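Shared between the two complexes below is chain A, which has chain B as its partner in the first and chain C in the second.
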Partner chain A sequence: MVKEIERAGIPVVHACSIVPISLTVGSNRILPTIAIPHPFGDPEMGLAEEKGLRRALVEKGLKALATGIEGQTVFS
Partner chain B sequence: MEGKTLILEPGALRAFLMGRDERIKTLEISLARPGESVRMICVKDVIAPWWKMGDFQSGAGRLQVLRNCAVVTCGRIVGFQEGIIDMSGPGALYSPFAGTINIVLEVEVVAGLSPHAHEEVLREAGLAAATFAGQPLRDVEADEILTWPSEADSSMFSHLPRVAYLYPLLSQGLLHDTYVLGENANAGLPRLISPAQLLDGAIISGNCVSACDKNTTYHHQHNPILHELCREHGQSLNFVGTVITHEPTRLAAKEAAAAGASELIRSLAPDGVIISKEGFGNPDTDQMMLIRTLEQAGIKTVALTDEYAGPDGCSQSLADVTAEADAMISVGNANERIVLPPMQRIYGPVKDLNKLAGACPQGLRQDGSLEIELQGIMGATNQLGFQPLRCREV
Partner chain C sequence: MMSDRYRIIHCLNQFFGGLGGETEAGLAPVLQKGSRGPGQLLERLFPGAEIAATLICGDNYMATNTETALEEALSLLAPYFTGAEAERPSLLMAGPAFAAGRYGIACGAICQAIAERFGIPALTGMFPENPAVSLYRKEVLIVRTAQDVMGMEAALRDMASLAGKLLRREEILPEQDNYLVQGRRRNVFDPETGARRAVRMLLQKMRHEPFVSEYAMPTFDRVTPAAPVADMGKVRLALVTSGGIVPQGNPDRIQAASAQSFGTYPLKGLSALSSVTHQSVHGGYDPTWANADPNRVLPLDAVRELETEGAFGSLHEFYYATVGNATSVAMARSFGREIAQRLLADGVQAVILTST
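Entry: the complex of A and B
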């Protein structure tokens, strides 16, 4: 899906917990996330802390979307 | 037992199982024999009925094995991804359990149970039924006795290539659970473990994953890689040990598991290691990390994997790869489609058929035939190599 959307000329950020898979399948803007069952959250955190984490991830993703890249880039 | 034939009284088995767990609401017990027009659906686990003689610890003593019989548990899908076993027709060719005489348990639980409790009821019912069916073996003389090598043997064969086995278990929580010596394998792995313990029933499956590459309890009980390594030990190779490891859900945990498992493998000083797998997708990453780490440490690897290469076999077949993975054994393409003809008897919750991984909403046709990917057939692309599927050079 990442590749097809990019082929249509729209930049994509691939938010992915297992970065090596994202690299192998050919995503260009990769945002590492938390874990497979909960990419944008962490049940081990308190609610306020988790909300901060979620916001930080989304903001990082938006920034990645607006960043020019030369090749595959992991925004860690 | 009558001679070497097990006579099972369904009423007694039923009373035994219902009596030990109040959470079972209804229980149907049936027999499914090779060649019969029978389809079992939403199969959770398959278990070989065994009996451990005497009061020996795990990995010691004698285990009495009933060779051609299995307990099959069927129930509602609470997570996803259970499977089909056909006892005849084209689907039977893809499942090793079409060749066993199966004691089929259809279990319905009382209302209000959590998914985990539902799975626990079915898992324990299957294990209890296997113990019940295995108990008469205590009075039977075995036709054949196999002896597994002890680890002390390995120093005797210093002239032979040293081979280790790395055995990953799916243990991610969320109904993806495996149990080692009674403990959930989400903690305490990787670790070394003797082949005698593994072949003594150390590992129990509690996994809701795709049927084709789920390692059922039966697969763990009969792991063909362990059997082959034990058979060849002292003949063509020196089997120096086994490490079991896990396939966690966080990248950092995967890296830590790969590092830990590789360190344990290196402690065995092998020339080469065989790596199996359970599941697909993110476990591809675990396998590739293990291959890369070990190859970079100078240890040759051979890994078994199945493929998800699309119905025509033309798509990328693994979610992750590494350049060091230069000796891979494919056990089949799970996306390949098959049409299973209607069967006279269906065991299991037929309403859940379309929820099987590998099935699609239009898959069930009016005449009762079913189009499905091999993914939905129990053991079709098993990554321990326990299946009848072969490839042939033409």
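Entry: the complex of A and C
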């Protein structure tokens, strides 16, 4: 799905927990996330702290979308 | 001392190892004596083989902490390789993992590690579309299997047959032994010279007749990175997910595995997702945390906050969702194309796609 969206000319950041799969499949902008069942969260944290973590990840994703890249790039 | 009995180590995930479902996916490697689950069928299909021990590891643990998990697994197995020669296992078999991505990674990683550390042959089985295939096919022997557990017996039969050949040091070939091509070259004698074969192929091609090339070209499906967003302050952003987040009740009945469709769902007026409005229908991970707070998979609350603060222009009023769980590549491609067309039509200029 990532590739087809990008093929249409829309920059897309792939937020995922298993980076090797994303690299193999061919995503270009990759944002590593927290864990498979909760990529944008951590149930161990308090709600406010978790929200902060999520927000920071989204901000990183936005930054990736605004960054020019030559090839596959992991924004860790 | 040679014997006709082969001692084998079998590697399974928590599910096939009988230690639990998704809730146990975080399980660190454990080693149990004897065979478990599919291992029992394997022993029946593989005369002379005895499963000395079964290594069981949780899907999430192995796929996300691969390095640590491998070290732990290898330390558990080490005692089997320091004993008397006759006690040493002569082969490791992992899976089969079918189309399961996390399990495939675990199988590929353990096969590669065991061969490197202890020098014994190792093999696994996967559906050719398993994402772990392209990660490990060069180093690891991967028997071609069906997409799901319906193909268990056939997979174990092929794995046993290939294992037998490896143990007897017989020659193996991808076509006849049903394993995935590793890209190795080997010298063979052909009664016809290369020139004759090439001209025959050329003539077949000119006559539009079918022919099989002797040099399969790799197909790289790569997409050139799209240009970055020039003006974040004006960009129209959309959210897409393969994490199975849908409105409560799953109105489009998107399948928990091998999804046949994606859904288009409104975000207008929503400042966050909640357990009341949305749920996860993904069958490939434990949905406890996503159901309790769906923002953990589709981070709408944080995205809205940043939108309000002007970190980007505006959020597209729909999001697109499917379940990426053993979903075929062809299906995912068609979802992607259709979503892309809709995004273009709606003037979307950037996408955050979340996966579990």
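Keep in mind that, in the parts below, the second predicted complex is superposed on the first by the 76 of 76 C-alpha atoms of A that agree within 3 Å, B and C clash if a C-alpha of one lies under 4 Å from a C-alpha of the other, contacts with A are read in each partner's own complex, and residues count from 1 in each chain.
By definition in this document, a contact is a pair of C-beta atoms (placed from the backbone, for glycine too) under 8 Å apart; a residue touches a chain by one contact, two chains touch by 3 or more.
Not measured: the values here are computed from a predicted model.
Participant: With the two structures laid over each other on chain A, which partner does A:30 touch: chain B (first), chain C (second), both, or neither?
Facilitator: neither
Participant: Which partner, chain B or chain C, touches the larger number of chain A residues?
Facilitator: C
Participant: Applying the document's definition of touch, where does A:10 land relative to chain B and chain C: first, second, both, or neither?
Facilitator: Second partner only.
Participant: With the two complexes superposed on chain A, say which partner A:67 touches: chain B (first), chain C (second), both, or neither.
Facilitator: After superposing on A, A:67 lies in contact with chain C but is clear of chain B.
Participant: Looking at the overlay, does A:39 come into contact with chain B only (first), chain C only (second), both, or neither?
Facilitator: A:39 contacts chain C only, not chain B.
Participant: Applying the document's definition of touch, where does A:21 land relative to chain B and chain C: first, second, both, or neither?
Facilitator: A:21 contacts both chain B and chain C.
Participant: For chain A, which residues lie in the overlap of the chain B contacts and the chain C contacts?
Facilitator: 17-18, 20-21, 24-25, 35-37
Participant: Give the list of chain C residues in touch with chain A in this complex.
Facilitator: 22, 25, 59-60, 63-64, 101-102, 105, 131-132, 134-135, 221-223, 225-229, 232, 235, 237, 240, 242-243, 285-290, 292-293, 295-299, 301-303, 305-306, 311-312, 322, 324, 332-333, 335-337, 339-341, 343-344, 348-356
Participant: Which of the residues in chain A end up touching chain B in this complex?
Facilitator: My answer: residues 17-21, 24-25, 32, 34-37.
Participant: Help me check something: in the complex, which residues belonging to chain A touch chain C?
Facilitator: These residues of chain A touch chain C: 1-18, 20-22, 24-26, 28-29, 33, 35-41, 43, 50-51, 54-55, 57-59, 61-62, 65-71, 73.
Participant: Give the list of chain B residues in touch with chain A in this complex.
Facilitator: For chain B paired with chain A, touching residues are 172-174, 249-251, 254, 281-282, 284-285, 288-289, 316, 318-321.
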